[in-house]
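Sharing a structure below in structure tokens format, with a few things to ask.
Letters A, B, C, D and E mark the chains as written, and numbering starts fresh at 1 in each.
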Amino acid sequence: MSSESSTVLSPPGRFAGGVHPPEHKELARHAAIEVLPPPAELALPLLMHTGAPCQPVVQPRAEVVYGALLADSDAFVSAPIHAPAAGVVQREGVATLPNARHVKTIPLKVGPHQMAAEELMADMFGGEWPEDGIADVAPEEIVKAVRAAGIVGQGGAAFPTHVKLARNPKKPVDTILVNGCECEPYLTADYRVMVEAPAPVISGARLAARAAGAATIIIAVEDNKPEAIEALRAAAAGDVKIMSVPTRYPMGGEKQTVRVATGRTIPTGGLPLDVGVVVINVETAAAIARAVWRKKPLTHRVVTVTGGGIAQPKNILAPIGCRYADLVAFCGGLKPEAGRAIAGGPMMGFALGDFNAPVTKGTSGLTVLTAEDVRRAAETPCVRCGRCVEACPLDLMPTRLALAARHKDWNLAKRHHLMACMECGCCAYVCPAAIPLVQLIRMGKVQMMKEVGK
Amino acid sequence: MSERKNDGPTPMERFLGGLIPENPVYRQILGICPSLAVTNTMEGALTMGVAALFVLLCSNILISLIRPLLKPHLRILVFTLTIATFVTIADRVLAAYLYDMSKQLGPYIPLIIVNCVIIARCEICASKQRVFTAAADALGQGLGFTLGLMTIATVREILGFGTWFGKWLGWRVIPATAPAHWSNWVIMILPPGAFLTLGLLLGVFNALTAKKEKAA
Amino acid sequence: MKRNYIQQAWLVIVLACLFGAALAAVHAGLGPRIAQNRLNDTLSQIPTLVEGAARGEPLEIGGRIVYRAVDGEGAAAGWVVPAGGQGFADRIELLIGLDREAAQITGLYILQQNETPGLGNRVTEPEWRARFAGQSALAPLTVVKGRAGGAGEVEAVTGATVSSQSVVGIVNEAVARFRRERPEGAP
Amino acid sequence: MNYLVSVLLLAISTALINNMVFHYFVGNCPFIGVSRRVDTAFGMGAAVTFVVTIAAALSWIMTYFVLAPGAPLTAAVLRLVRPGSTAVADLSILNYIVYIFVIAWAVQLVEMYVRKFFPPLYKSFGVFLPLITTNCVILFTCLEIMKHVPVAGAPVAEPWGLDRALIFAFFAGIGFLIAIVLMAGIREELEHCDVPAPLRGPGITMIIAGILALAFLGFTGMDTTLARRLAPKPPPASAETAARPAP
Amino acid sequence: MAENAVTPIAPAAPPPAAASARAAPAKPAPALSVAPGPHIASGALTTRRMMLDVILAALPLLAVSVYLFRQYAVFQIAISVIGALAAERFFGWMRRRPNTLGDLSAAVTGLILGLSLPASAPWYVGVIGAFAGIGFGKAVFGGLGQNIFNPAMVGRAFVMIAFPAALGASAYVAPTLGVDAVTQATPLTAFKMMGSVAALKPLFLGMTNGSIGETSALAALIGGAYLCWRGTAAWRIPAGGILALAILAGASDLTGGSPWTFAHHLSSGAFLFGAFFIATDPVSSPLTPKGQWIFGAGFGALVLLIRAFSGYPEGVMFSVLLMNSVAPLINRWTIPTPVGGPAPERK
């Protein structure tokens, strides 16, 4: 492959609306990725992806080694689960995920002999990542390896990645879009991966393109991360295009990224696939590279622990299944001013009821905001100011959606396209009347499905 | 016994019903046009009310008398013919004996023809019940209608002109010594005042009856 | 089929005949009185508009009706000229009284107007109309605001300058035309 | 040109300044009853406009040729029956009865015609047609036109030919349409508002109508000013068409 | 989210004692709350802050008005504001609603009403205007945020039609007040009645007669710029209004229309005050950006039409009310198509 280095492109498209909250990335941006030593016990949810839940393939009290298969499923849309550490399988348990879902877990008592932190880092991100030879790998092989490694999207939705990469003759793919926007305030996990390990990201992107049959590879990064852009640019050859996109929430939402990076518009209710694009997160890309070249499953991920309520914000390479409490402890605990802990970023994340929930493959961060950060004026009536309409990146009328949801007026809801909302939260962020727009819309969607959907 | 049952409400019920519980203006929201158009003076309201009462009474009686002869599909035709005739008579009588009022009320007297209060009463009561009941019904509804008009006119004339029956009786409610631009709210005489007054009175009427229903 | 229809409609036909008869009776009985009312609207004003007049005799001049006001003996007392034009809200119709030579306005009466009650419709008040009596008919009148008018001037009704101007305009135009068109040397 | 100007003036004055609902207070029942949804309100307004135009034409023709004092047709019949009679036949006492039947007939006619030839149109406002028979916008328009039908014996202030009667009626309907559609838009918006219970429905509708009537007062005088502006010569307004009360 | 469920939880509730070698944080556990996202809010604006912005933006207007009309301006505005606050509380009390004076919206209504009255208006005009405005314009619709019409303009229209003598053209000529500014007819009235054309500079600066808040185009521009910069007022509305008025009046100038040029139109009367402070009332104007353009343009065009052709010298109030009545339809017509097209019908 050509080895001339890549140039940074500017985006051909733009999206209207969106917001630009204070980024607060400075808190964790310079914290290099640290490895969380495996805690005494891990709890691996059997359903931490979109699709069918897995069934355990190991018996309680079985001893497993690092990377051993713990659970799998026959369903196509599903992803197997592997042991992030050597240890002993316990009796099946349950856990409550931050999104309030109750799931079964495989608890794993971590054994005394574990891989050293440096070794793990090197295995995850270090070393050589072949640039050539990708053309020799059969696309089906890549998909198979991705499936076997249990890779799911690490950008949030946790959709099994092999499903996206499998070729579909009816919907040819021409572009792989690697999503390095990380538009949520505070979070820096993707940033650290791009800065510290551009090579696996690029290699994974090429593998993904090979698997999906795409000719174009674009890595889109918000322009508030110049170091990441530079690192990727330096590491990439000409076939991988680095694109600097404007910093604006929710740039990382795939509808927005695709529109900005390719100028194409995903139809409402559709997927990037409908416009010939597959979007993967940067960490997902790195995981693909590791799965194909090193045959290693997805057992760890980078999680940002940050916010004004955390003693020492960090980016942590954490084993899947560790509890949020372990992360907090590793970062020196909470500050007294902590007011709310959020799984994920402050815009789309879920507030934690307790710290016992396990980290999953989709967990991108733990943001602990101060009480001051989350203080809001009391809700007042909507003054029809239209700011939410202006902010909505999908051109919806959030105030009307919330009104329809509140009054269960499904005609109104339909007229204003309730179902198109992606719950990004821009509307609620700007509303001067402090109306819980997203919550109302979310409830409305569920109720409408129940009442009219059948 | 069963015959009485078929005959529906009694004359007294019909009469009282029209006054308040089924008041055409406030309860059935019928005949709104005259309620707005002629109520800037008490005189106009009273004249319109009496004219409508006359037409209602005559039509109800006549329709009730011929009710056994009514064919269903010609029913509305007969109602309309009857009403139009009595309206014409009322109109001419006014033009002959109350020329000023006739000029003031203008087209609103002939509009009684399409006033749904009357067709509604023909339909609901007169074509089904005996003459005496029909007459009682007409009286009740007619008086209820007149009452409705007069309450609106009371508000509008007092605020708008400072008088009550100013033209006929010359009663001043707000002393003439009050500065004219303070005591005479021109808006009350104009269309906006009519709408606003009726809107508020509807609210008051509903609030009062709701309270009563709650108490009961 | 058709017979059946007529059979069914007999009631309507009978009623129509009855109602027709009733209306004819009403018309016969009240018609003249109504006509008189209408006429009175105009004619009854003549004595108030022209001094010494007892009644008016209609007369067509230039395609228009004017009234010659005559006293009890039938001697000419002056003229009454009907005129009309646009006011603030709607047309204003009025009667102008003139002396025998049509040199002086002797009175004004508003037959019909739709001006704002309490504002424009105060042009119908006798006090305001009295400002026209005694004015010269030889030159157009003008409207003044906020002060009592002198000769040739009419003070506007407060807050209704437009209505006042309309009335004065109608009067000026009608008087001028009448002076142009009236029969020579009459009455 | 002048004709077009006069049409424009009549249109503005009928549809906006002297709006049927806000100025003349007619058609309030449908205005309250059928103004809950914009599409039905539009259907009702369109149906009224349609019928009122046709009813106006019919009633002008009936008045001019048959009902007015000395109307040509009636006079001819009278001469046929009683040759040499000098009596002026005056059937105007039958005006109201004839109008109401003309309206009922026009509604039937329009319904049949529209159903047959414009099925989509029928779908959109056909259901409102029967309701319109007792709509006072239409009778009121006929009565206004009655005042302006030229009569041989007694000249009227502003005689209207059939064309002006039609224009007047059409824009009376448009005025009603504007009013009812505006109201429906507002009421849809109010659907989820915290309107005090006693005022819900007719009460708030009347109050909104009051505010709309206030707003429409802003058009006052537009027709006269426009007439003055657009007519190059001094307007023929004053004194030209002097009232000629019957002698 | 209003009902912040505050659940004090011990962070890192110590995992089963033996489990973890690392000790849980030793510090006292802060109280953490749980609420749906998003967990941060812009905070740049709250309803109250928006209303406060309007009051701040009106300061230049207030300064000019006090300079021109002295104690009469103070009196008129005070009466209207107190009237509006009293009315808000009164109607709130009637409906057993909590006190809403704190959101300042009633104060803004009173302020705008007061600024739109002539200096000579008697005290009851402000009071009745405030009660009619808050009552018919706001309370009957359910209070803040639910009204269709601009309450201040409903109040002004009510008193203007109720007391034409106290608010008509002649009310503006009030030498008895002993204030220089109010001895001549307002520029618009003078032009409409006498055809006399005012000089542009005093019109722009505001050294002319008129309603107390409307005289200075400059002050309205300054305040308006602040409102738009803050994002409190939707800038598209004044922009649309100014463009429409300028284009229509400019076109008529080009065809040799009237000596009252588009510049006169822009800087005279209540136009700029109305465009920036009144038409922008968020509650009674459309929600969508496109709708706001239409609303603004309609407002500007109607002002010109009413000034040029109706019986009134000024049309701001009527235009605002008329456009308010169309706003629901505009909202309906300008529902944007979602990015990606309408949601597909569910099978």
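Following the convention adopted for this analysis, a residue touches a chain if its C-beta (ideal position, glycine included) is under 8 Å from a C-beta of that chain, and two chains touch if they have at least 3 such contacts.
No experiment lies behind these values; they were computed from the predicted model shown.
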| item | value |
| --- | --- |
| Subunit C and subunit A - chains in contact with each | D, E |
| Chain occupying the most central position, where position means C-alpha average | E |
| Which of B-C and B-E has more C-beta pairs touching across its chains | B-C |
| Identity of the chain that, by mean CA position, is farthest from subunit D | A |
| Relative to subunit B, chain with the most remote C-alpha centre | A |
| CA centroid of subunit A to CA centroid of subunit D, Å | 66 |
| Centre-of-Cα separation between subunit E and subunit A, whole angstrom | 44 |
| For subunit C paired with subunit D, centre-to-centre distance based on mean C-alpha positions, whole Å | 27 |
| Whole-Å separation of chain centres (CA-atom averages), subunit D against subunit E | 38 |
| Where subunit A touches two or more other chains at once, by residue number | none |
| Sites on subunit D at which at least two other chains make contact | 93-94, 97, 196, 199, 204, 207, 210-211, 214, 217, 220-221, 224 |
| Touching two or more other chains - residues of subunit B | 77, 81, 85, 88, 92, 180-181, 186-187, 190, 192-193, 196, 199, 203 |
| Full enumeration of touching chain pairs | A-D, A-E, B-C, B-D, B-E, C-D, C-E, D-E |
| Interface residues, subunit D side, partner subunit B - complex | 22-29, 32, 93-97, 100-101, 104, 134-136, 139-140, 143-144, 196-199, 202-207, 209-211, 213-214, 217 |
| Complex interface listing, subunit E residues touching subunit D | 95, 136-137, 139-143, 146, 148-149, 154, 157-158, 161, 302, 305-306, 308-312, 315, 317-319, 321-322, 324-326, 328-329, 331-332 |
| Residue ranges of subunit E in contact with subunit B within the complex | 122, 124, 136, 140, 158, 161-166 |
| Subunit A - residues contacting subunit E, complex | 15-16, 19, 21, 39-41, 185, 255, 259, 265-270, 309, 311, 323, 325-326, 328-330, 332-342, 346-356, 367, 369, 371, 373-374, 376-387, 389-390, 393-397, 399-400, 415-420, 425, 428-434, 436, 438-439, 442, 453 |
| Residue numbers on subunit D that touch subunit C, as the complex places them | 90, 93-94, 97, 157-158, 220-221, 224, 227, 235, 237-247 |
